[in-house]
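One chain, chain A, appears in both complexes that follow, with chain B as partner in the first and chain C in the second.
Right, the complex of A and B next:
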């Protein structure tokens, strides 16, 4: 004879969040009176169940009334399941014998009909009570955490994260797609609002990351595959052939000096300058070793040349080098793969790509950079003429329903910085065409005021068109910015020499594939989704995978650095515990009942199900099982059971949920 | 026990006030979080749906749906991550296969296919989740209560031939 469970039901008011719509008193009384048969021995309602007093109430009842199961009707389990499990644990009741029923997110917050919401809450509780009877005491799975961390993306967010972890004494693999770390920040000249030189503050960090004994730098490399789970990931990295032996190369630079092949650099120089076929992207590159761009190298195309090999003093050139496939073991992963600039060609009326003197923000960064193709001279596309009038267009591809609805967050400040640099270096007149000026961070508003005082013109209006078609005298040889000044209501045609399009930030083109590779998800815009938009901005719903920097959404350098450090701190906390407790939701196969049909084998995407040829039965490897339950649902013999979501639990929950409308059904029939 | 099939016509006038009871299956990662999101954003929808959380829509055993109908549900909602976005790589496709088969089986059992709905909802789609529930309730309301007694009143119709995607 089965022993009857003793269940306690606790209905939370959540202040007025629940009690304002659901009649919590009625629900609690109803549960006490109507769910007796299911085992409810006590039912209470309380203002805040999650408060320490609320938790103590449960603990007292567990002891005094000998409760064997607890049902809390409150908020979503994603918020407080852990809280109430811990409360049970504190009273020596196995934490997995507690069930959280969401009557806030699923009832009081989404329904206005108080009677219906109250009835629905009763039904949800009945479902929870019916389910909890079949809960089993479980122990979390404890797995060791590998102390190493993988950081994907060597921009400022990734560098910061890698340094934090490495400085704490743990190994880090920093993987970067380009030949050097540094990311977008390495391309910039000045950083707002302090106007300190970007390279001056970035390169020391790059060098530190490059020479840190705990950091293994894998540049010119990409992650191909991720296996395993939190604490024990196995990551396959393709280290592309540099065609240069890193052991021998000293980074002296003779090879790229002697290389006869010039190539337009579309990555680092944003198409504004050239590099050689053997190159480092920029002088301060980390690591210092060059790579041969095989698509453009004369030797790889024609089979002759080898100038670099001829001149290399250390014989480091290795034309036969092959891609290396590395399998690295890590406990945690940080994704910091950054952003891509909005392609301004998509807005055809702005003329980028057609009108020579329309520049993108990244092109202007290179133009104004002292180490850039013009040595920091702000000149027109002809390479010599200094502009007299410059127009800067804000919100290009951002805050625009045709392209991206979101605000790219950095463009206002970036445009103000450009205005300042143009003004300072050329004395040109500067027009800023903006929709709204957004400067919400430390020192940003002050910078805006500084610009106002410098005499930059601010015209509030979305630019309609940029054209070279002359209509009025004085427009000859100029670019005309057609805009409505929405503050005065006038249509303006502003003749300028140069236009800078402050293009917005977009997710990397392959963001979706990256997300899939690492088992996380993207928002509709393509940014990776954090676990909680406010309270957990760097974790993801997949344990062990963290995000930092612009991969999570547009943000400036200080915010990217903060996120990199935050993700590192989260991981360090985990590493120091040496092991991690995982939800014990796993499938298991009853060997007696298994018929050996192997239907489940192919359903598992994690290869967690082994087939024993000798005994003709399948078995689940709990270390690989992720607990999705697909095999449980598919087993024709019913031999597979899933902890936490067993057939009994779900079928009983269905019964419980439908308890309330059975009498109604009878009256209808 | 009588052997007469339950074919009494549903009174349309009564239909105005009929509130169907719907059991909804959600996955832990996308659709349950869409429901959470609808809650956090205080989006309003009809109170007819009672949700069950599974880890993955792939856990959906067709028995659960039959059990819900047998237990008195007027309709069943199955929801999961969008194809390609499954937290468990591709298990929602396995649910999709079952869904198509199930729909056919239900039809053979005399249950209108309109009583079963599939909904893809990402964690960010609280608004879609709420809107689709409202639509579903209005879709089921005119059908009236499901007076289904397995093994008793269900009459079997000839199967309709339709393509079942792999």
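Right, the complex of A and C next:
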């Protein structure tokens, strides 16, 4: 006869979180009396099961009552599964023989009917008890960790992360799509609220990253493929041909000085300025080596010119250079690929792209930047006229159901900064058109007050239209901002010379592909999703993949830097452990039952399934598998099963939930 | 020594299973040589009362085909269970309900109305069958329909399952060989509850077509598609049930250019065949936008028939709610 399990049931009050709605005493007594058949030998309720006293209670029972299974009815497994598993482990019971039943998130928090919630809690526990019987002792998988880290994205978040890890003595590969690291921060003139010169605080970090012995800089490069798993990723990086031999180039700059081909720079200069066909994006670029933009280079188009080659003192120009494919082994990965600016053209009534003197925030950053195309002179599109009145529109593409519902977090402060700079440099009158002013971080509210004192106008209202259609005297030659001042209830037409659209932040266009490539997920908006929004903000559900900066959601520079450092700290902790224990909840394919239909092959978000052509069967790599269950559900042959989620476990749990095989008299009234 | 007794019975079925048994050709002589056939309505004359008169367990082996559609089927299932040592659910109907089980989507009254009252039925007086009728010679009775069709194991305990619509003759021959060998002490019976006369994997395992990673952009009907004869049909958008269907038939349909429709039932370990297939098909649909997904799914013109043609009665669902209710 089969050995009967000895099960202990523990019902948590969670203070009043559970006990306020569920009659925990009744539930506990019910389980003791009615689930005997299923193997319950003891059932208790306790105020806080997660407290050390609560855990000790379980451990004592395991020893004294010889429990072989534990069911804790408390909060969601997300919160305390680990706690109770560890408690079991402490009493020499395999941690995976513990089942957490959520009677808080799934019962007390979602119901007001106390009687029904109590009955439902009983059913949930009956399900847990029926399930736990079929649990098997599991051992975590241990894998070594490669000490190198890949950081994708060379903006401030990525640079910070790379430096933290490199300074701790571990190798870092920093991959950046553009020819230089620096990201958006390199484009800014000043940073709020301190008005530090952006370049002055960024470039030392760029230089440090560029020259750090532990950092391998791979600019003008992109990640093509990620194989492997935490501790042992193999990343394929395409290092695009710069057409410049980095070993020979000294970065002297003669080539771009001599290059006859001017190109509008839509990336770094946001279309406000030009660069050459061979170029570095900005003078402080790291690395210092230029790239040839083959789409615009006369030599690549017509086959002649070669001015750069002729003048290069070190013969560093290499027109025949080809893309290099590098395979890099790393243990962990940080994604810090940043954001894109909302395309203000989408809001046609604001006239961007149609009305010359409507600028985007990034354009204005370049306009006000001392190293920018106008040398920091804030002028109209004609390049010479100083505006007398400037309107700044907040929340462009943010907090708007038609575009993005979220708040882009940085636009209020950015707009205040713009107002200050306009005021300071041109003496122009400045109008801020805002919905709400949000200045929640250190020193931000003070900056807002400073602006109020500088005499900037603040009009609370969402701008309806920006037009050059004159209706009233005095509007000739002006841009008219049509807005309702919601504080006075008046419709206003404010004539201005220049409008700055404080465009919101959006996920990178290819965020979804990037997420897929790295085996993590995006929110509906396209921001990459962290493991826990509060308690695990830089990790993702895929072990070994971390996120930092705006790729996770709009944030300012301090927050991006903090996340970069946080992700680095998480990884350093892992590297120093030298190996990692992986959750043993894994899918496996029964090789007898698998017919190689290949339905599962493309489904795994972690690329853990491989197909053996020779034997015509698929197999799951247990180190790659994260136990998500996608393939288990999809396998039409039922050949894939997930540890901890066998048919037997799930069907038993359902039977338990339905209170089948349990005396009816005490159950649902 | 008298020979062990053999019986075969058909309940709600088409008769294909009986023909499949006869299709084993000269092997049928082995049956006769090794067994005394005591009850087989399609092949020989015997009365129910003869079976009723037997001692319990008198029959060694009963192959029971057909689902349980009416009270007569139910009575015979229970009777043969009592009289047989080994009861085999033979063929798709007995195992999982098969085509007659599709009636479980409708209340029984609607099933009867469809049979006797639609345009294809010549029934000018709109007569419905009565379960009893007074004749001058006395009352006569016909069986009463049950509200839903049940599989054999939903009515009585079943020892073995032999799937297929009908089971392939070579599989039947193999099973008969096995039983004879067991009788001669040369082999052992598989554990009770096993599926016999079939394989342990799926039709894909026996299918000669080439398979790649699957992404489906469109479902099409086989008669409207010019399918590549070498390539997996499902990959070509033809909804082939092979991936979820138990092996054993030799992948006859896909080898001949038609999609598997699933007559061998769920593969080992599959709890609900239709649900499995829906999950599998859904997983390989290549679309992001809801409207694209809708469009692709519209290509499956008869989802119930596609996913539950053979096993509605044996599925977790078993029947649609109105059908259950019609029994109240």
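Basically, the second predicted complex is superposed on the first by the 601 of 669 C-alpha atoms of A that agree within 3 Å, B and C clash if a C-alpha of one lies under 4 Å from a C-alpha of the other, contacts with A are read in each partner's own complex, and residues count from 1 in each chain.
Here, a contact is a pair of C-beta atoms (placed from the backbone, for glycine too) under 8 Å apart; a residue touches a chain by one contact, two chains touch by 3 or more.
The structure displayed is predicted, hence computed values, not measured ones.
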Contacts of A:521 with chain B and chain C, given as first, second, both or neither: first
First (chain B), second (chain C), both or neither touched by A:446: neither
Of chain B and chain C, the chain that contacts the larger number of chain A residues: B
Touched partner set for A:639, first chain B, second chain C, both or neither: second
Partner chain(s) touched by A:596 [first = chain B, second = chain C, both, neither]: second
First (chain B), second (chain C), both or neither touched by A:651: both
Which of chain B and chain C A:630 touches, first, second, both or neither: both
Which superposed partner A:541 touches (first chain B, second chain C, both, neither): first
Chain B and chain C contact sites that coincide on chain A, given as residue numbers: 603, 630, 633-634, 647, 651
Chain A-touching residues of chain B, taken from the complex the two chains share: 6, 19, 21, 23, 29-30, 32-33, 35-36, 38-40, 42-45, 47, 50-56, 58-64, 67-68, 71-73, 81, 84-85, 87-91, 94-95, 98, 122-124, 130, 145, 147
Contacting residues of chain C [partner chain A, same complex]: 200-205, 207, 211-215, 232, 234, 242-244, 247, 266-271, 276-277, 279-280, 282-284
In the complex, chain A residues that touch chain C: 590, 592-603, 611, 616, 630, 633-639, 641, 647, 651
Touching residues (chain side chain A, partner chain B) in the complex: 76-78, 102, 104-107, 109-113, 116-117, 119-120, 123-124, 127, 516, 519, 521, 523-524, 529, 541-542, 585, 603, 605-606, 626-630, 632-634, 642, 644-645, 647, 650-651, 653-655, 657-658, 661-662, 665, 668-669
